[in-house]
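Shown below is the structure under consideration.
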Amino acid sequence: MIRSAGAILRKDLRLEVRTKESVPAMVLFVVVVYVLFHFGLDRDTLSGDLASGVLWVTLLLSAILGVNRLFAAEQLDGILLAPIDRTAVWLAKATALFIYLVAVQIVAIPAFALLLLGPGLDPGIVPILLLADIGLAATGALVAGLASETRARDLIVPLLLLPLLMPVLIAAARATTPLFDGPDGDLGRWLGLLGLYDLVFVLVSIAVFDYLLED
Amino acid sequence: MPEAPALELDGLERHYGDRPALSGVSLSLPAGQTLGVFGSNGAGKSTLLRVLATLLRPHGGTARVLGAELPKEAWKVRGRVGYLGHEPLLYPQLSAEENLAFHARLHGVAPARAKELIDQVGLALRANDPVRELSRGMIQRLSAARAVLHDPLLLLLDEPRAGLDPAAADLLDPLIGAASGRTRVVVSHDPATPCDLALGLRGGSQVSLGTPDPAKLRELYT
Amino acid sequence: MFGKRLLPLAIATAVGIGLTLALVFFYAPNDADQGFVQKIFYVHVPMAIVALFGFMAAGIMAVKHLRTGDQRWDMRSYVAIHMSIILGVGVLVTGSIWARAAWGHWWVWDEPQLVSFLIVFLLYCVYYPLRFSIEDRERQARYSSVFAIVAGAFVPLNFIAVRLAETFTHPRVLGTTAGGMPGSMRFTFIVALISMTLLFITLMKLELTSKRASDQLKRLRRKLEAQAASA
């Protein structure tokens, strides 16, 4: 399964490098939303829970763009004809989304610090980002599969994805608040919640994803 | 011991919602022979092909493909059938070679085989061009190469000559023609298509089965 | 047939609801802090509990559907979600009335159960657009079941997350342990919970029976049309 997932992933990354459909659009979206927040809140700098909320809501919304494109260029029948475990499709798509999210954040987090963040950037944010990205990627690939056969894919993806990501938002936003000069919190609790979320959604996806592909 | 038939269908059914797309298809095809599937548009030819390729599950009756029962043993069938449908199942942004290399990896086939096939279908000079820049006939040739990449025992072909000039069709003959020695199911609009057994479909139902007779098959299209 | 057991079930439900109302108005004491308005608790909380269990039961039915391929399990899962959504509207409305009466606001964010419920409710609302934008009936059933399983697993996870996040600033009458409740309140609450469960099951069976009848009607009509066409 790892080998076939690797083949699909390499193909997806090659397509992304060539067409540049997902990552650049997501980066652009994130920066535009930061500017929107600057004017919408009429603030030059943010700190504490407000900064944390703005950062995470923006990242979550940008994930929708990536999820929407995840199956758009796929020639699924060609993959389904091969003698491979079908969960490999989910694994490849989730990994691709994870890589896109990390790539977006490498630009988006410094951009956030530059444009909106009052206090300096704390490297402590990295583990929070990575744990949240795993959950986002697992759930995102599952939702992309669920919405891929519906008539109104663009509509279903955000409606389905955003409520499902609510625990990620809660945990990630609370965990980053102290890093942005907010009141101290219980970091272990929020990392634990993110880990639990990742575990549940990885397992659920592995259990149900095949059923989306058989016909 | 006589060899088991490559294809054994009994009362095969498939519907979309309430509408039957295929019903009561029963036949047996010995290994190495060619089954021609004839019928007008919407007669269920492509549905039959997709069921045999394990892309659609049968909803009734039994289907044994290469000795494996569908849909229970579909995983045994995958990797042993080659499918050439209406869609080329290629990525337009990737080159011919990258496309075949991807499928080779999925099927566990050596990458050298992909190169060899590109030569065989006459695309050696265009191997590094993205597929979106190839002509329709070239894409069909590449798609045929994709279908036989893993050396399948059974070929499922949906109008394989569509968009090909005679020279290109000759080029593909050793791969997907009768000369390939593979068991084949060929969907065609041309009643004169050579085959060993001819299946006539109308409105999803089997209306004739037997030795091909172009005059009789022509009636299916009226 | 479902129809046979429907009548005794409906009678039991009616008796249960009658008994609950009698207990709520004449037996259960007025709450010391909140007075009469606290009695909405006997509707609000059982409704929320039954709706949540309905959502999770729909997930289990969906598992059965995917395991067996039996379409009737998908229908049950669908009806369970449908009924839970209807109860969910009731939960949000009664919760809002209660919040207004107790704290003077139509909505309070520091009531973790209610906030969790809102998130769950919003998620399950997407079940309808998802289900009805898939045309092929078999695929519709399969995708709906996958949704029901994913959402069913999400319900407890979401409760944990929201519970961790809220700070419990408001004193709440209904602790998760029934220990803080006087005996008469607890008895009334249990009767109300049983009646609400009965109501849920009755409504589900009723809906399933009518769905099955209309399906049969459709099939018969199609048969007749086919006969008329061939005659």
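Letters A, B and C name the chains as they come in the text, with residue numbers starting at 1 for each one.
As a convention for this text, contacts are C-beta pairs under 8 Å (C-beta built on N, C-alpha and C of every residue); 3 or more make two chains touch, one makes a residue touch a chain.
Just so it is clear, the structure is predicted and the values come from calculations on it, not from any experiment.
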item: Chain closest to the middle [Cα centroid of all protein chains]; value: A
item: Among all chain pairs, the one with the most C-beta contacts; value: A-C
item: From subunit B, the most remote chain by mean C-alpha position; value: C
item: Chain centre separation in whole Å, for subunit C relative to subunit B (CA means); value: 49
item: Gap in Å, rounded to a whole number, between the CA centres of subunit C and subunit A; value: 31
item: Centre-to-centre distance between subunit B and subunit A (centres being mean Cα positions), rounded to whole Å; value: 39
item: Subunit B residues counted as touching two or more neighbouring chains; value: none
item: Subunit A, residues touching no fewer than two other chains; value: 214-215
item: Where subunit C touches two or more other chains at once, by residue number; value: 135
item: Residues on subunit B engaged by subunit C in the complex (per definition of touch); value: 16-18, 59
item: Subunit C-facing residues of subunit A, complex; value: 142, 146-147, 149-152, 155-156, 159-160, 163-164, 166-167, 170-171, 174, 189-190, 193, 196-197, 200, 204, 207-208, 211-212, 214-215
item: Of all residues in subunit C, those that touch subunit A in their complex; value: 66, 119-120, 122-123, 126, 129-130, 133-135, 139, 142-143, 145-147, 149-150, 153-154, 157-158, 160-162, 164-165
item: Complex contact set, residues of subunit C against subunit B; value: 135-138, 222
item: Subunit A to subunit B touching residues, read off their complex; value: 3-4, 7-8, 10-11, 14-15, 18-19, 73, 75, 77-84, 214-215
